[in-house]
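One structure, pasted below without further comment.
Order of writing sets the chain letters: A, B and C. Residues in each chain are counted from 1.
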Amino acid sequence: MNTDMNKASSELGLLSVMGATVRREMLLAFRNPGDVINPLMFFVIAVTLFPLSVGTDENFLSAIAPGVIWVTALLAVMLSMDSLFRADFEDGNLEQLLMSPQPLYFLLLAKIFSHWLVACLPIILLAPVLASMLFMSPEGMLPLVLSLLLGTPVLTLLGGIGMALTVGLSRSGLLLAVLILPLYVPVLVFGTGVVQAAINGTAFSGLLALLAALFALAVSLSPLAISAALKISIN
Amino acid sequence: MLEVHGLYCERDERILFKDLSFSIAPGKALQIQGSNGSGKTTLLRILCGLNSDFSGEILWQEKPVKQVRSEFCSDVFYLGHAPAINRTLSPRENLRWFSASQGKTGNIDISTALDELGLAGYDDVPCFMMSAGQQRRVSLARMKLTSARLWVMDEPFTALDKRGVSEVEQLLSDFVNAGGSLILTTHHPLQIACDIDVINLDSRVQESAP
Amino acid sequence: MWQWLYKLGSPKWFYTIGNRVLPWLWGVTGLLLVVGIIWGLGFSPPDYQMGDNYRIIYLHVPAAGLMKGSFYMMALCSAALLIWKIKMADIVAKAVAPIGAMATLLMLVSGSLWGIPTWGTWWIWDARLTSSLLQFFIFVGIIALRSAIESRDSAAKACAVLTLVGLVNIPIIEYSVEWWNTLHQGASDLSLRDSSANPPEIWIPAFFTGFGFIGLFFIGLILRSQNEILLRERRSQWVKDLLLTDNAKADTESGINTNA
C-alpha cells in the first residue's frame, strides 16, 4: 500500500520546501494576528512614552530620535522572538523539523525569514512615521529605513539563538533578554551610527557596509548555532 | 536494516541501559517494554537521532547513522508523545506541511488519508476545535502520507477509543506485512498479526552510574 | 600528549593531581603576591603625573588579564565538550565562569576607583570600561543560563554553545564600542597609558602581582572543580573510599585528642 503512494508523490526541491515553510508561517501569522500586531503596538507605545517622560522640546527630541527608534525597535524584535519556536516546541513539530531529511540550515533560514516578515517588516515601515513624530530631520529617514532593513535580520538571527537555547524553559522572557541584549550592541551602534552620520551630513555608506557584513556573518553562522541549540533543547 | 550495538545511556546518574544490542529487519515489529522511567522514550529518541547522550553504535543499512543522516531521516517516521499537530492549523494544512517537510509534494490525497482515520469532513476544521482523540487521529494520518520504511512510535494508541485502537493495529500490521519495520512502545496489549519481538528494559540490570 | 589529555579528562585524576599541586600553588602564589604588593605599594616610586594613584594597576591590570583569560578558557572547554564530549571540560567551564565574572567586576570597580582621582568622576563611557561592562553581562548571561536549565547535561551543552557564540561576538562588540567611543569621545581617551613607558620599578612588581593573580585564578579553578567533581561523582566508589578514609582520619585524630 505504501509503494502505490510513493509513485503518486514526487521529490520536492529545497526551494519549494523552504517556500512551503514560509507559506505555513504566513498562514499561522494570519490566524494569530497578534504575532504581527503586538510587536508593532509595543514599538508605537514605547516610542510614545519618550516625549511623555522627557518633554516635547523639539531640539532634544530630534537629537535622541535615532537612538529611541533603534532601541525600541530592538526591544520589540527581542520580545517578538518568543513566537519563533515556542509553539513548535510544545506541539512536537520541532522534533519533526529536526528529523526532516531536508537540510536544517535552510529550513531554519526559512522560518527566521518568515518571522522577520511578520514581526520586523511592519516595524520598519512604521519607523519613519514615528521618527517624524520625534522631529527627526528628513535626511535621516532613508538611512533609518536602510539600517533597520539590514539590522533587524541580524537581531532576529541572534534572537533565534537565544530562543533556541531557552525554548525548553517554561518562563524564559527575561533570561532571553540577559542572554542576547549584550550581543545586540554592535547592530545598535552601527545602526544608530548610520542615521547620525546621515543627519550630520557625513558619509554613511561605510557603516551600511559594516551592517551588511554583520548580516552576512549572522546569516552564515547563526543557523548553525540555532540548530545546535535546538538539538540540546529538545533532549 | 537498523542495527544497534552496545548502546549505553545514563540519565541523572542512573544507567538506563547498557550493552543493549538488537537489530530489526524488514517485515518485523519490535516492541520495547518497561515500566515508567525505564528509558523507553529515551531509547526511541536515541534511535531517531533526537537524543545524543549515549555511547554505542547505531547502523542504518550497515552504515553509521550519523554519516547517512539525510537518507535515514527520509526513511524514518517518528511519532512522539506530542502529536506534532499545530492547533491553529486545520488537519489538511498540518498534513500538507508534513508532506512538504518530508520533501514530497502533496499529491497524495490528504482527504483520503483523513477518511481512513475516521475524520471525514474534518479536513478544514481548526485542530483546536477537535478532541484529544481526534487530534491523535490527525497525527496518525501521517502514517498514510509517509514513505518511510521504519516507523518509530511512542505510545501510538494514547487517547484513542477502542475502534480507533483496532483500526490503527490493522494499519500497523498491514505496514509490517508489506515489508516495513516497526519499533513501538505501548502499555496496551498488542493485537497485531505479524512477526513481533519484545525487548524488556526492566529485566536488564539496573545499577547506578560509576 | 594525547595520553596526558586523556588523563586530564578523567575527574578522578584531576582531583588527585589537584590535591598534589595545590600546596605548591598556594606557596608560589602567596610569595608572588606578597613580594609584588609590598614592592609595588611600598617601594615603587610615585608616578610623575598620577602620583600614588597609579598603584591600583597592581590590581586593575591582572584583573583585566583574568577577564580575558577566563573567557578564552571557557571557550576552549566549551569546544572540548561539544566536539570530544569531555565531561571534565564542562566541570572546568562551570568553575571558571564565576571567577571570570568576579575578575571583570574587580576590573570595573578598580577602574572606577582609579577614575575618581584621574578623571574626576567614577564612571566615564570609556571604550575599555564599556566593553568590560558588556563582557560582564555576557558572563552573567552564561551563569544565568546554566542555573535556569535543570538537566545538567543540557545545561552544560547550552552554556557551551552560548560561550562559543560569545567568542565570535566579543571582538565585534569591542570593535563597535571602540568605533562608538571615538565618535562620541573624540581623542580624550584617558585609560591606562602604555606601561612600557613607565620605569622598570613600576612594572616589575606588576609582573609579580600579575603572576600572583594567575596563581589565584588556578587555585580557585582547582578548588571549584574539585568541589564539582565530588558532587558529580558522589555515587562512585573512589569518592566513597576517599570520604571514608578522611572520616577515619578525622576520627583517629579526635580520638587522640580526647585521650590526651
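Following the convention adopted for this analysis, contacts are C-beta pairs under 8 Å (C-beta built on N, C-alpha and C of every residue); 3 or more make two chains touch, one makes a residue touch a chain.
Owing to the predicted nature of the structure, the values given are computational and were not obtained by experimental measurement.
A centroid comparison over C-alpha atoms places B as the chain most distant from chain C.
Chain closest to the overall centre, judged by the mean of its C-alpha atoms against the mean of all protein C-alpha atoms: A. Averaging Cα coordinates per chain places chain A and chain B 35 Å apart.
For the pair chain B and chain C, the distance between C-alpha centroids works out to 48 Å.
Residues of chain C in contact with at least two other chains: 151, 153. Shown for chain B are the residues that touch two or more other chains, namely 53.
Taken residue by residue, chain A touches two or more other chains at 235, whereas all remaining positions touch fewer.
By the touch rule above, chain A contacts chain C in their complex via residues 161, 165-166, 168-169, 172, 175, 178-179, 181-183, 185-186, 189-190, 193, 196, 214, 217, 221, 225, 228-229, 232-233, 235. Note for the complex: chain A touches chain B at residues 1-3, 5-6, 8-12, 16-17, 20-21, 24, 27-28, 31-32, 87-88, 90-93, 95-103, 107, 231, 234-235. Here chain B touches chain A in the complex through residues 48-53, 70-71, 73-74, 76, 78, 80-89, 93, 96-105, 107-108, 126, 144-147, 174-175, 178, 180, going by the rule given at the top. Across the complex, chain C meets chain A through its residues 82, 134, 137-138, 140-141, 144-145, 148-149, 151, 153-154, 157-158, 161-162, 164-166, 168-169, 172-173, 175-177, 179-180, 183.
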